[in-house]
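All chains are identified by letter, namely A, B, C, D and E, in their written order; residue positions are counted from 1 within each chain.
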């Protein structure tokens, strides 16, 4: 999974019919200090997160392993809200 | 999903037999200001979009989760036309 | 799908048993002017293409959605020969 | 698979319901001398590893081929702890 | 598929139980002149190859389409030993 930060929303009226009701969030990838990187992806929310929150995003077919995304054309899902990271210098 | 802009069409007469009727569009990836990046992909249209429109593209096996693309050798599908982005500086 | 140009062939005697008869082509990725990029991939041909031709390549599990590649360990398939591109400056 | 080093843990209370009990580890990619690269991923542990250990990570749908990850929205799994590498200069 | 050269072996005692007996090889990606690139991946051998040999590697779910790798958490498999490349300047 990648680590990201919710920075916005995508509005879409015309979309694949199975996607009605989907919430598309813009997730910017962050490093371990939560500093934003340049790249971003659009992911469907499966846990209920808000702007500025740090999340984990699963991609590929794994993005379809939630009740809402099952059998739908989405390749990225937010499957966890991150509380904190424990990093150890080894 | 990645964010892209429709910039053209691919014409193909000889193709895998299940792909007859497929509309292959050229999608250039864009940033959050809709500025075009260098890289592009070719995707099948599942929602009916036109030149210059901003879209979301799902890739991998998720690209086959639409009525038209099911069981076909395509790895990228346009599954939403983007109306607008709401970006929040957090 | 990515856009590529056929530049060669891979000869392989010892391979996974289901791949006997497979034609492995070397596809160099090209830009929209058909100029070759540095990176290349090896793909199985499902449509019958020749040297120098421009093609579309589908990757991942989508590469197994053709009669020949079904259930085989290949992750890239040539599924269309490109006649031409229509690019519009929007 | 990629080669990585366990450098930390992700704490998450709110997550997809099937992921309760999952242990999310932060894995920094390393080179063949075990020197850390910049990029990292978050992976589920299926073998029981600890901080500083070198591991192999499988990604994509292959990450769901373990008893714990089956049918769950995770795209990276630690499936082996590395004892050592034998590198030969050929 | 990507083109690579076998440069070593990964030793692992503790691993996912279905992987007992798996042979993990270190494959460095090469260019068309067989010159080694910086990046490498670890792949399971399905054809019986040795150090210094040039191979093709299939990734993702396609890596599980061999008798040994079926339903196992591996995302890269060596599915062909390369005899030679025929490159044509077009």
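We take it that a contact is a pair of C-beta atoms (placed from the backbone, for glycine too) under 8 Å apart; a residue touches a chain by one contact, two chains touch by 3 or more.
This one's a predicted model, so the numbers in the text were calculated from it and none came from an experiment.
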| task | Work out which chains are contact partners of both chain A and chain E. | result | D
| task | Note whether the interface between chain A and chain B is symmetric in residue numbering, meaning over half of all numbers used appear on both sides, and answer same or different. | result | different
| Quick one: chain D and chain E, Cα centre-to-centre, how many Å? | 19
| remark: By the touch definition above, chain C meets two or more other chains at residues 60-61, 63-64
| remark: Note: ring order chain A -> chain D -> ... comes to A, D, E, C, B
| Touch list for chain E against partner chain C, complex | 1-3, 32, 46-49, 56, 58-66, 69, 77, 79-90
| query | Which residues, counting only chain A, touch chain B once they are in their complex? | reply | 5-16, 18-19, 24, 26, 40-43, 51-52, 60-61, 63-64, 71-76
